[in-house]
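Both of the next two complexes hold chain A, though its partner changes from chain B to chain C.
Let's look at the complex of A and B:
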């Protein structure tokens, strides 16, 4: 697969079709992968793809990176789950299909966090998204590399996140409040969750608006709760459950539970699944007379 | 008694003793599947097999958020109430030498042109029980920046693990000696205990700190193209700065209602795009690589040059937490090389 990937990247750069290939490369010790920006055909050899390629590189396609946009049209190495985010960016008018060349990679799953890697991809070290993946064959791409993957996702989604959602749904409001306040109390307001998210592309985040101050920026319980709730609400109907925020969180806040709960609620209310169709707008930014009103009791 | 033994069975007695006198006992413990320094009341909550905790001890001396004054709008004007810190004694057990070394560095900025008592009072009422490292990982690079895994810098007491899991205790400062004297029923005579081997990370090949400093001091390199190349992938979160033991930038915010509220001192990060944003809208560090360059400059040029203090202690936290694996040691190698090529 890597041979194919490098070949394709080299061709794209040689022909001038793109100015940069955003992909994965090894770190110096070759034990972790890291985003790389390939600009010369001969550097295409640096590209790799393996289960350590956890990053969702679509974040670099957003307007948060004017320096990367200056490098010219981009090609991006993207797993199916990463492509979902690119699709949302297109649906929200942030990207045109022609702005980016998508090198889809057929993927057998990745590790939840790179430090768990011990040379073998075992189910226990894979994130929940991989166990239920329906895009191992990239669904929107200009070219696809890798061997076809034989994998059928389970009919009913499985994994710890779903178990935990059932558990939390069964809690009393007080218990649920305590559960989240305990987790949010660790938040250090580093905003890694926002920064790694390709759908958090606001030029000015609401937490930085201080006239008036909507969210207290201090890392005290009220400020932490406000931040995590508002981020969740802003991603409702948009989040693709790529899991980057939870992976990036230095204090292990289980953000995937929130993300997946949002996915389930939106699916139930609007029959919308984010990240599959660039022509369908996220439900919370459109008005539709057919919207359910069963929440009015 | 310059050296003594702290038996692992005696730890609970030490914790109880400290707490009975109104102090708090901070030690490595598990929280949300991570080893963190946190307050413990029971020896069972402590862990002994760890490399470097997720957080540094700075959050106990320089809290992430703290009120520094309170205000209230009255008919006659604004009433301002001072906040005075009266910290309890904090005993830090199991501090790694890199973390202990960071305290002296942080103190420099808080005692420079103004004595910041919010910091100094807390540090002055702390006892630092450093434990020499017996394990390290790929990210540890203390020896590359001149810190030793059995260093005494910043320590009041230096502990070394014995093969039996006890600790050989060496008093480093008067405060450490007084602490051993105060709890002399906890510490016992060293009986020639056999020590575990200290884990010393190999200095990273290709890094030359003098060359790095020289390169950074030369202003013609400030706009070098290498910065964009090295830091393009940075996503601009504050994880590196907030877990860093020597990063100490803070911001002031007023929070509350229009009638009353608090002025709070909060951690800030030079990686945030609003960090140097001027009221005019101009930002001298308008793109992310310039913000990352600032962090590197601060670690190896601005801070050590201005304060004669460490900017980096080599704990490796910034590498472990970085979501895009922007490894400061890789940049150190690249800059060392660039300096050689000049």
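Let's look at the complex of A and C:
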């Protein structure tokens, strides 16, 4: 697979079809993988793909990284879940299909955190998205590398996140409040969740708008709640549940729970799943006159 | 319940975000018709329900509101054709989100009140004021100030 991947990257760079290949490479000690930006054909040997390749590289296609955009047309090594984010970027007019060359990789799942890797991919160390993955065969790609994967996702999604959502739904409002306050009070407002997210691409984030100061900048429970609510709200109907925000969070706030909750709400209310079709508008920018309004008096 | 005893005479603060064309006119009609309703509500007029950012609601709670009401034109009546349809979609998600983090559903209300529905407005305000009085001051959120 890696041979195929490198071959493909070399061809693309030699022909001048792309200016940069965004992929995964080993770090110096060969313990973890790290994003690499290949610009010369002979450097294509650095590309690797294995279960340690957890990063969602689609963030490098956004306008958050103008320096990368200057390198010319990009090719990107993307797993099915990463392609979902690219599809959302296309649906939102951030990218044209021709702007990016997608090298889809057939993926058997990745590890939840790189430090958990012991040389073997076991279900216990895989994130929830991998247990329910229906895009192990990349769904939008210019070329696909790797051996076909035999995996059928379970009919009902399984995993800790879904169990936890059911548990929270069954709680009283006071218990829920306590649960989230315990987590949000740890937030240090580092905005890693925003930086790592390929769908948080606003040039000026709401947190940076200070006339008036909409969201308090200090790491204080009140502002923390506002930030986490608004972050989730701005991703509603767009989040593809790639899990990068939770992985990047230095204080382990279970952001996946709140994201997946909104994914379920959107699916339930608007029958929309983000990341599958670049021609469907995100649900919150369109409307239907028949939307449910049982809660409106 | 204990709060009620200790805070004798406590009256809830309710923020109402309303649209200029329907609910504000409806509330105005209630006023010019000299109808009586609870004085607990503070109205903020906005051009359209589509202008009501979820952050306004969060900001209201942050600044000590015990309840929030969001109200606008009935579906199909929007002065800007589709503002309230967009707002409705947003509220569907936002309400679920607020429920999920444990803000009591009785503290956040949504309604359609047209320019002629002064009676509905009066009933609505009296009813939600009663409901929020029962819930007591929103100490959880105010507690975050410490």
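In the analysis below, the second predicted complex is superposed on the first by the 293 of 297 C-alpha atoms of A that agree within 3 Å, B and C clash if a C-alpha of one lies under 4 Å from a C-alpha of the other, contacts with A are read in each partner's own complex, and residues count from 1 in each chain.
We adopt the following convention: a residue touches a chain if its C-beta (ideal position, glycine included) is under 8 Å from a C-beta of that chain, and two chains touch if they have at least 3 such contacts.
All values derive from a computational prediction rather than experimental measurement.
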item	value
Fit or clash - chain C, chain B, common chain A	fit
Touching partner for A:144 - first (chain B), second (chain C), both, neither	neither
Partner chain(s) touched by A:229 [first = chain B, second = chain C, both, neither]	second
Contacts of A:168 with chain B and chain C, given as first, second, both or neither	second
Touched partner set for A:179, first chain B, second chain C, both or neither	second
Partner chain in contact with A:1 - chain B first, chain C second, else both or neither	neither
Contacts of A:237 with chain B and chain C, given as first, second, both or neither	second
Following superposition on chain A: angle at chain A, chain B versus chain C, Cα, nearest 10°	90
Partner chain in contact with A:297 - chain B first, chain C second, else both or neither	second
Smallest separation of CA atoms, chain C relative to chain B, angstrom	8
Common interface residues of chain A - those touching chain B in one complex and chain C in the other	220
Touching residues (chain side chain A, partner chain C) in the complex	168-169, 171, 173-181, 206, 214-215, 220-222, 225-226, 229-230, 232-233, 236-237, 258, 261-262, 265-266, 269-270, 283-289, 291-293, 295-297
Chain C residues within the chain A interface of the complex	54-55, 58-59, 62, 75-76, 82, 85-86, 88-105, 109-112, 124, 140-141, 144-145
Chain B residues within the chain A interface of the complex	31-34, 54, 64-65, 138, 228, 232-233, 235-239, 241-243, 251, 253, 255, 264, 266-267, 269, 272, 274, 287-289, 320-321, 323-327, 329-330, 333
Chain B contact footprint on chain A (complex, rising order)	27-29, 31-37, 55, 59-60, 64-68, 114-115, 183, 186, 188-192, 194-196, 208, 210, 213, 216-220, 223, 244, 247-248, 250-253
